[in-house]
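Below you'll find the structures, each written out as structure tokens.
Both complexes below contain chain A, partnered by chain B and then by chain C.
Moving on to the complex of A and B:
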């Protein structure tokens, strides 16, 4: 189903939750809303569902304006961060509940419940109550309820955030497969850039109530069209600095410089911003060499994360393997200048061929 | 490895043992003492066995008081629980009115029992009380000191006024703990307000409701002060509930043996009903 937001905004009282937004979701695909807490992910979902009426603008579904149509008349299903199931219903009755409301015949309900219980590996616990399930199983039940409905639009509001690490990985792998055959347009909200990358599909990066950029997940990760979009789609945060461009060289300061790509070289001299992802700044290797003072070093699994002060900028380096550093130690770091993203004075990306 | 044994640790339990002894065991044993013996003063006791228990259990007076008590408690629960839920449902969930409603609800709970009794006594007097006078001037023949029906109505309404708030506050707390997402999910499913109540709010309130019903059962089953001040158990014996009757036997007639036996039976009835109710309510949770 094609869903389109046309100049939609949402103000509650004096607060603006969503600034005027135009967004056309990819039908039948995973559409990810990526942004931090309070960036407007949930508000946007509530608008799409029809739980909230937009202050201005219109919502279109399949070429029809549906702005005023109540939520229960739209073909919408939603799954939340908290595990929401009917507490006094068994898993079976929970999954069957939307079908019962729709008034389907008994044997059809039975067949569909069985089908989705199989898909979500819930068959052995169909007779149990939600309280008797693990968190993962509870969320599977909620997902099954959303799937069984056969809704055109499925909204998943950080559905994995309350699950433990292992279960989250497992469900994250399964999710795109579950929805692949349903033909539904899926909207998935998350605050984790890594999760967006793993799920693939399309991503809208959100910041402070605005859609910053929308496009294919991998391409907007590689080519964020603004510094803001790059910041939203990077964890740990992207390293930024101001450089001085003179001719075809970029100067971080008097002693650190490198050759810029042809597209940038042809632009006027002056100040530009660069963005460099933490995993492109490494404690060993080749390329541009910068010196920095280590401020914090932490090890997360097989990655080492160092916060370093480089030429007055607080940068983060993320490297494979275990690297040991002393606090306050002076070290050299390296990056490949081809990995730099360049932004002009309006923070817009300068298109460069990588 | 050798285990060291140190019996001194028992001393650490002593304060609790003493507390329980003075708090519960010794008073209870005094009652047990009287329940199985006869005394004529001078601290002389004669063993009576189960005589007093048989006497109490066979006495019509006890049956009548127990019947009245059961009827009263059932009426209280049937009125206060649904009313409490209804009021809790209609209270605002957020905004400036929340605290106003909560304070208004808590007020009756803060008034001492005997004051409530006295208040309603004056309020319901047929000649000068606001309630009694208005009812009579509207043509109702109302006199709680003379008519059993009026006396019962007044006692029940007084208890509803005094204690429904407790049910309201407990249910309100239960309702507030339901995440918003439940309502949204039900909304998306197209669930009716009744379905939301029946399948979300009621199951989510089950625990607090169990507590509320238990508290209201125990309190109303042991009610003494309010009806004592309001009607004194009258007219006749029509509002003589178990505890009023017990005090009459123990202190009015000074029949310590039957009174002690009756106390124990009374205690066991309360315990039994509470246990059965709690077990039934919690049966599903333990599976």
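Moving on to the complex of A and C:
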């Protein structure tokens, strides 16, 4: 189902949770809301579900205005970060509950519950109570309940955040497949850029109650249209610096410069911002060479993350393999100037070909 | 026996002493009780109990008490459920003040209300009915039930309500089919406390009844004053009043610990 937010905003008391937002999601799409805590992901979902009434603006579904229609009458399902199931119902009754309320015949309910219990590997525990299940099984039950009724709009609010690492990976793989054939519009909220990239589909990056950018996940990762969007979609945070553009060259300072791409070369001279993702700043290799002082170095698995002070900017370098550094050590880092994103004085992206 | 059990055992023994005294007295004749102290009944008799179970003025007292106590428990809990839900789920002007004000009702001594209640119930011909006592006890029990239930309800995430609405449940269907079973423990605890307060309350129950709805405690005091000191009979009647409470406690014993954990009991 197509869902459309037209100039929707949400204010509670004096606090603005969502600034005026326009967003249009197509049927069968897997959409991701990406943003940090308090960026408005949950508020936006609650608006889409109808649990919150927008302060202004309208919500349209399939070309119909649904702003004032109660949630019971909408075809919406939602899964929360906390595992929400009906504690007094068995797993079977939990999954069957939306179908029972809809008044479906008993054998059809039975068939559909079995189908989704199989899909989510819940068949052996159908007669247990939610409290007797592990966290992963509880969340599977909640997912099954959201799937079983075949809602047109399925909202998943960080559904995997409370699960352990292994289960998360497993479910993250399965999730898009589960929804692939349902034709439902799925909205998935997450605070992890990496998770968004793995899930694919479309992404809306959110920051402080505003949708910063919306588009295909991979393209908005590669081409964030503003510095803000680039910041949201990068973890560890994207490295930024101010450069001075003169002719065909970009100067980080007097000693570090490189040739700018054609698009930027045709822009007027002056100050620009650059964004460079941490994994493009490496302790060895070739390209533009910068000197920096190591401030923090940590090793997470096979990655080394170093915080370095480069030409007065606090940058992060993320490199494969184990690199050991002394605190305060002065050494060189390299980056490929083609990897730089350039932003003008309004923090808007200067289009470049990658 | 482990050493750590000594102190609790002594404490329990100390607590049980008066109850044992009452039980042992209930099997004695009044003359033996007046004759001096003895640990065990010398002339074991069931006479006191037989009298209570055969004399309608006695056993009706129990029936009357049970009727208005049960009536009160049902009214209190069913009225408190939606009220507690509102306090736990909605924010409205003065909600916290109103919640506290409810509690202050419990601070007022029953004697303050006895006379106005007496006059009001006489005027509307509710005097000497079970409903009169049940309603009067609501004054203390509804705030208590709201307070206890609100604690239990606030422990249930609001997302449960929302999930039910998204599943298509109407409010009342959700409330009855899902919410009430979820807070069954809280309802058990609230009902227990309503039952106990109503069961032991004497002043209002005595003032608002004369014959038809007279509670057992009032019958006990009257008997003592008209036919001298029938201590054996009184002890038997007293022993019997312990039974309903013990019975109710048996059913909610596991839930009460949960109530204590929430700090609401």
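Just so we're on the same page, the second predicted complex is superposed on the first by the 354 of 354 C-alpha atoms of A that agree within 3 Å, B and C clash if a C-alpha of one lies under 4 Å from a C-alpha of the other, contacts with A are read in each partner's own complex, and residues count from 1 in each chain.
FYI, a residue touches a chain if its C-beta (ideal position, glycine included) is under 8 Å from a C-beta of that chain, and two chains touch if they have at least 3 such contacts.
Keep in mind that what you see is a predicted model, and the values were worked out from it rather than measured.
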| item | value |
| --- | --- |
| Chain C versus chain B on the shared chain A, clash or fit after superposition | clash |
| Which superposed partner A:98 touches (first chain B, second chain C, both, neither) | both |
| Chain B versus chain C as contact partner of A:72, first or second or both or neither | both |
| Touched partner set for A:80, first chain B, second chain C, both or neither | both |
| Those residues of chain A which chain B touches in one complex and chain C touches in the other | 49, 51, 71-72, 76-78, 80, 82, 84, 86-89, 97-98, 101 |
| Parts of chain C lying in touch with chain A, wherever the complex brings them together | 157, 159-160, 162-170, 173, 178, 181-182, 184 |
| Parts of chain A lying in touch with chain B, wherever the complex brings them together | 49, 51, 71-72, 76-78, 80-82, 84, 86-89, 97-98, 101, 129, 131-132 |
| Chain A-touching residues of chain B, taken from the complex the two chains share | 179, 181-182, 184-185, 187-191, 199-200, 202-204, 284-285, 287 |
| Of chain A, residues touching chain C in the complex | 49, 51, 70-72, 76-78, 80, 82, 84, 86-89, 97-98, 101-102, 142, 145, 149 |
